[in-house]
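Here is the structure we will look at, set down as structure tokens.
Note that the chains are named A, B, C, D, E and F in the order they appear, and that numbering of residues resets to 1 at the start of each chain.
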Amino acid sequence: MIVEQFFEDYEIGFTRRTFGRTVTEADIVTHAGQTGDFFPHHMDAEWCAQQDFKRRIAHGTLILSMGIGMTAGTINPRSMSYGYDRVRFIRPVFIGDTITVTARITERRDHPKRKSHGVVVEAVQIANQHGEVVLACEHLYLVERRGAAP
Amino acid sequence: MIVEQFFEDYEIGFTRRTFGRTVTEADIVTHAGQTGDFFPHHMDAEWCAQQDFKRRIAHGTLILSMGIGMTAGTINPRSMSYGYDRVRFIRPVFIGDTITVTARITERRDHPKRKSHGVVVEAVQIANQHGEVVLACEHLYLVERRGAAP
Amino acid sequence: MIVEQFFEDYEIGFTRRTFGRTVTEADIVTHAGQTGDFFPHHMDAEWCAQQDFKRRIAHGTLILSMGIGMTAGTINPRSMSYGYDRVRFIRPVFIGDTITVTARITERRDHPKRKSHGVVVEAVQIANQHGEVVLACEHLYLVERRGAAP
Amino acid sequence: MIVEQFFEDYEIGFTRRTFGRTVTEADIVTHAGQTGDFFPHHMDAEWCAQQDFKRRIAHGTLILSMGIGMTAGTINPRSMSYGYDRVRFIRPVFIGDTITVTARITERRDHPKRKSHGVVVEAVQIANQHGEVVLACEHLYLVERRGAAP
Amino acid sequence: MIVEQFFEDYEIGFTRRTFGRTVTEADIVTHAGQTGDFFPHHMDAEWCAQQDFKRRIAHGTLILSMGIGMTAGTINPRSMSYGYDRVRFIRPVFIGDTITVTARITERRDHPKRKSHGVVVEAVQIANQHGEVVLACEHLYLVERRGAAP
Amino acid sequence: MIVEQFFEDYEIGFTRRTFGRTVTEADIVTHAGQTGDFFPHHMDAEWCAQQDFKRRIAHGTLILSMGIGMTAGTINPRSMSYGYDRVRFIRPVFIGDTITVTARITERRDHPKRKSHGVVVEAVQIANQHGEVVLACEHLYLVERRGAAP
């Protein structure tokens, strides 16, 4: 779905919440295969059993990628994702945990160089089935201003 | 391989460089499948042909995940990845581009709360085959201090 | 996104159209791997070069699955997919073709047994980048009637 | 294996039965990734626990694709799959269920337009480990008649 | 399909030949992901361009696994694969090459310890589209003798 | 990491040991999909329950590929893998087993034809979490001799 929104149209405090998604063993195996990160934290159940966290944990980049993907519902042709700030892995995610994402527009600010665009900040929180935040970050969008020269 | 390093052992300026990896159409399809982000920017060659960038582009989270994975060579049992700062998607990555990662230790700082650990910052730059940086970020590690109470 | 619609709410003629998706070699390889169908029509470029269609073709079930998946945008808690009628593979789909799906509500009819539900028929047409229909089918939904006993 | 059979060679009542295949969580995750259908029915164990069916269920297109794939054992160069009739999702398939496919030739009929070919109908039934049919359909083949002009 | 064959039933010289299968970039990416072998020989097109072989090459274990899989057509309940001898990677396999497998029964010999079983040797040759052998090995089967105590 | 070693540099008895890796249901499903081997031994939990081994077992080529991949840590530009001898599937590997690989240089021998290279033999043992060897083989490397004409 396409929803066109200019910089000025973003409302501070606008919040959306995704469906849940259960993080599976298959997701972790696929992510190891996609990234080449086969660290025992993710892949070796025996080794993990002797660590503090006891069980295999999902890669940080898996949870970030999955959570951001869960927010990718509508396309805004005036906006472009250009980065993240303050990505923090707050709690481990285990096989079988179900994550849900809440994203809230928190800021609209000028871009240091471009006059035609502004920066919109969306605070992203990924929580598990116990309501605990497991990952937080700020997603930055470069958004065209209304009336900007094309 | 395990290389044990305490907070004090990280040397500012220490730099490592990975092998290259060619980003394939299969990687993008897999990442769409892992994240659920099937935006036409990544999946629709016809639509892309009419955009400024002309060709399908890799997901930002794919390049971040892949690049970070490429740096995951040795395990330091005293260190834990806990987040990223200033992740920036600087240039698009196209199918067939080959990325290489350079990671440099840039800072060692106190942790605001934990006395037993410090924060080590590694500046990560992912470049394409033309030597252009496509993604930059700071990878943050929480590292045990030497002589910290266990 | 959740959009609640009862049987009576479906409007004959209501039409939606998806984004496009390019069918890749990776999709065919994954589908062969998921289904176990490694017929040379899909997997052997040399053999295909000697057939009428000259090139590897996508599995019928791949195009059906992908096309139906592309229409899975909103959830209606009052509705349940329960089958397809008249699925027809009209033209081959080749690697690199881009498909788009058009779905139109064509019929609302009684269910032979259930009084609480009706059948909604959605005509699905999957077209390639030349605007040619490659697959057509009728998607059947069992939808709760307004005021049905729960 | 190649088994050449003309339209006239198909015997009504000829029945074949496949080995079983256990439907895994990995299959569902892969199918979501292939189709883009991440509906909570398939992906969110927490949400499913509150529904009537209690557990995640396989996509209808997954069971259809997998079941049809299980019947793809021998190639008949005189025959071409061209569609399905009356595809019905009769019972849900859960993670860990094992499906087996029975396929029986039920009809040989003229093609409305082509004189050189006839239509062979194969009734496909996919059953779970309890012997319950979970999906039924008619698989339609376009098969060359003996002595048809090439 | 099940074909029951005792040790005595294997005929020296019996030969079978598979369909072809085109080795795709997606296969190599999947195999890297399954094994964790991301060596630049398989993954880095830029680096490969500077080597003698010029292009990315398939993993040896990919071609072996794929080729052996291509011979897995019928199940013999009296037989068990128990290993390979003299596996040799004779020529590189590139993306887009199409491999075909020829398997010939070459030997029936006693098992050093088990009286109830014998060893059947099948010489496996995997060739590319130019008819050149790329991989050869001997597949060893442990096969029950006729009249062996169960 | 690159470690340059000539034929003469390999020390008999040099031994390395990998981290562990848990063999998952997802790995088996992926390997079936990559190879086309959907034998019930690997895919049908119901059928397996009636066999001696009771549970689904990993493909031999999966364990070989995974184990060899686990040893692919450093690149030696003077060396080339060219085959395996005496690959033996000693014990079944079940879903959830964790394998670890030990590789030991056991022999340095002349190559029958090439004077510029010698053959280095590495004995590979893959063990499960109980310390039982599940697969053994000899990995053969063709390694350049010091001072060989380029």
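Some observations on this one:
Here is the rule we use: a contact is a pair of C-beta atoms (placed from the backbone, for glycine too) under 8 Å apart; a residue touches a chain by one contact, two chains touch by 3 or more.
All values derive from a computational prediction rather than experimental measurement.
Looking at subunit B and subunit F, the chains in contact with each of them are A, C, D, E.
Set against the Cα centre of subunit D, the chain with the most distant centre is B. Most remote chain with respect to subunit A, judged by CA-atom centres, is E.
Annotation: the B-E interface is duplicated by D-F among the options D-F, E-F or C-F, judged by over half of the residue-numbered contact pairs being identical.
Centroids of subunit A and subunit B (each the mean of its C-alpha atoms) stand 15 Å apart.
Centroid to centroid, with C-alpha atoms defining each point, subunit A and subunit E lie 43 Å apart. Within subunit B, residues 21, 24-27, 29-30, 33-34, 36, 38-40, 70 each touch two or more of the remaining chains.
By the touch criterion given at the top, residues 24-26, 29-30, 38-40, 43-47, 56 of subunit D touch subunit A in their complex. For subunit B in complex with subunit D, the residues that touch the partner chain are 30, 32-34, 36, 38.
Across the complex, subunit B meets subunit E through its residues 19-22, 24-27, 29-30, 70, 96, 98, 129. Taken together, the subunit E residues at the contact with subunit F in this complex read 21, 27, 30-31, 34-37, 39-40, 59-62, 64-66, 68-70, 72, 75, 81-89.
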